[in-house]
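Right, I'll just put the structure down here and ask away after.
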């Protein structure tokens, strides 16, 4: 299995509900350094897993929608704690949608799975990975 | 599959037996920067894989028992080379025991697997990963 | 000249005023991974620049006051953009005060200067460095 | 499953064919920081996944053949874009051959799989992983 | 003294002349991860060392002129070994010119010095730092 | 001022004397990832600060004398706590001696200063820097 991974980042504010979170129940924020790893069993004729330029643009576009925002005010996340692991899933779903719409170019239907990792500090990160639906 | 990873470290002395190890047969030491990655197929109601505060405390407690010690003197490791890969398994087993005792809080029975990585320098690391037994 | 550096981190929310900041005028947040580098021309009798345990505790105590807060609500920062470079100076001043009160232990009067670096992402950081006043 | 990983690097020139690559169609170059992760279900009697000294030597020998070269002139890569993902596969195949010839020492037949990762910058990497054939 | 640092990268081919360079006399290449650290004794009214957006754009523009090129073909470098330390100076000079032309915005005349660091692998980097001329 | 930096590492055992050190009074160990930064005001005719090959060899030779040892048994360190900052000075002195003997090749008399940094974990490092004596 081949992988290609590109990196971006976003800087957001949010707060969490639940005693579990202690002081993180207060409004605070985070820088997330975000890795998107695309996996495919075979390379394209050009020798790539995915067009790395388009992959980088797609990741940037997804992060741009969240960057410099207070996620507590984003209706997509109503009644939801925007934990690092939850946001990893969010980025995964949004990338999968872009893949489904063909935004990553011809050949991206070969992609088998995707892993999104959000680094929140030098001592903690979270990730979500899953299979990608086969394009029709 | 979701992952959450926390990091700690320990500084130990030890020596190895066997010609394979060359100069590492002498008493020497290492800093191990230790990552504990917890994996679960679903998030809790709060939106987390595991209580990151308790996970960090559990990792610290495990490392504290080894930190600032000469592992050659630890009866748990009698007749055993405490290689990086062996120590990754040791940390895995001790974390699995803490999970089994419920120390990581309600919901940790959802955890499916665990990966422990020990970084020993900028050019080498070792890891152990395995499934976690289902809590009764 | 000798240096010893310890690392901590904080996760805060804030917003900036001024067109210069573009979308960062909105409420957002950041993880700051914070390095405190202490410098001295000579080592103590024990062979250290500073008691690394106390240095780590002092850095943690300073970051704890800021961690998990919306800096826009902190009266210390009224009418002030809490940029990364400004916060580096803030941490510097607070550490210098603790040094002045003797909190870092006997011998810390040997310290000549201090550099505080805040890493805000994998592509940007800021720092403040300055001399430390001689203790009387 | 246990892992041991060692790191090396190489600095090469190359160019790509195909509009997909934009300006990377021009002759340019890259530093690849290369990780070789060896995996085994059990440790040897000495307590290791693989002889880390031999593993490091084998990786160095493979990279030495590519280091400081223009890959466009290497007949092994005729009519092939030497993308990062393709080179990860190349290093994988060459390491698998060395394993098959017993170069990594007794016990290396226990190895189950191998993952080769090439870091090409602070914002992109690629990898190839696969099972290793059982030695006869 | 305050610092702000931004990061970019470039991927180039080149070769060196002189026995000193051994196999690096052959055409090869490198990824350079490039840090530009701007220093000023005081912050602007907005609380910044330099407009980080413009600083990032200026660094990108400088690197874009070199990225995906064979530096052996660049007339600016005729009869010159484009070593990492030499390229650090080149980026320094080009950034100083942009500063002199006012491209980094009002207030950049406060800048006292600049340090450019090129990371060429996980085990080597080079830098050039110098004072900046006072704007008239 | 130009800089070139090379990296190596060593893995040692030691213990400290003095209540200041708490549990580090016990025999323990560390991996030190060691950076040697050489500085010169001008480049050589070849365009370098120092022969990077010889610099890397000199650093390796210095670290080899310490690597895989219990520093408590090394007569050079009798009655001395081998703290990270002390060891940074030790590596500095040994590199300065090699420079004085001309081991880093013609042109190394241009070197103005040297900085040795020892990274002991992901959260702590120490350094020693100083001028280099002018060769006769």
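Letters A, B, C, D, E and F mark the chains in the order given here, with residues in each chain numbered from 1 onward.
The rule is simple: contacts are C-beta pairs under 8 Å (C-beta built on N, C-alpha and C of every residue); 3 or more make two chains touch, one makes a residue touch a chain.
All values derive from a computational prediction rather than experimental measurement.
> Under the touch criterion given at the top, what is the topological distance in steps from subunit C to subunit F?
Graph distance in the chain contact network comes out at 1.
> Just tell me the minimum hop count from subunit B to subunit F, counting one hop per pair of touching chains.
Step count on the best path from subunit B to subunit F: 1.
> Out of B-F, A-C or A-B, find the interface that copies C-F, where copy means more than half of the contact pairs are identical.
A-B
> Which angle of rotation, from 0 to 180°, maps the CA atoms of subunit A onto the equivalent atoms of subunit B, to the nearest 5?
120
> Give, as an integer number of Å, the spacing between the C-alpha centres of subunit F and subunit A.
From the centre of subunit A to the centre of subunit F is 41 Å.
> If you average the CA atoms of subunit C and of subunit E, how far apart do the two points sit, in angstrom?
27
> Return the distance between the CA-based centres of subunit A and subunit E, expressed in whole Å.
31
> Where in subunit D do residues touch at least two different other chains?
Residues 7, 122-123 of subunit D touch two or more partner chains.
> Contact residues on subunit A for subunit D in the complex?
1-8, 43, 46-49, 51-53, 56, 105
> Quick check on the complex: what are the subunit D residues that touch subunit E?
Touching subunit E from subunit D are residues 7, 9, 11-14, 23-24, 26-33, 67-70, 120-123.
> Show me the residue ranges of subunit B that touch subunit D in the complex, using the header's touch definition.
Touching subunit D: residues 16, 18, 20-22, 80-86, 88-89, 117, 122-130 of subunit B.
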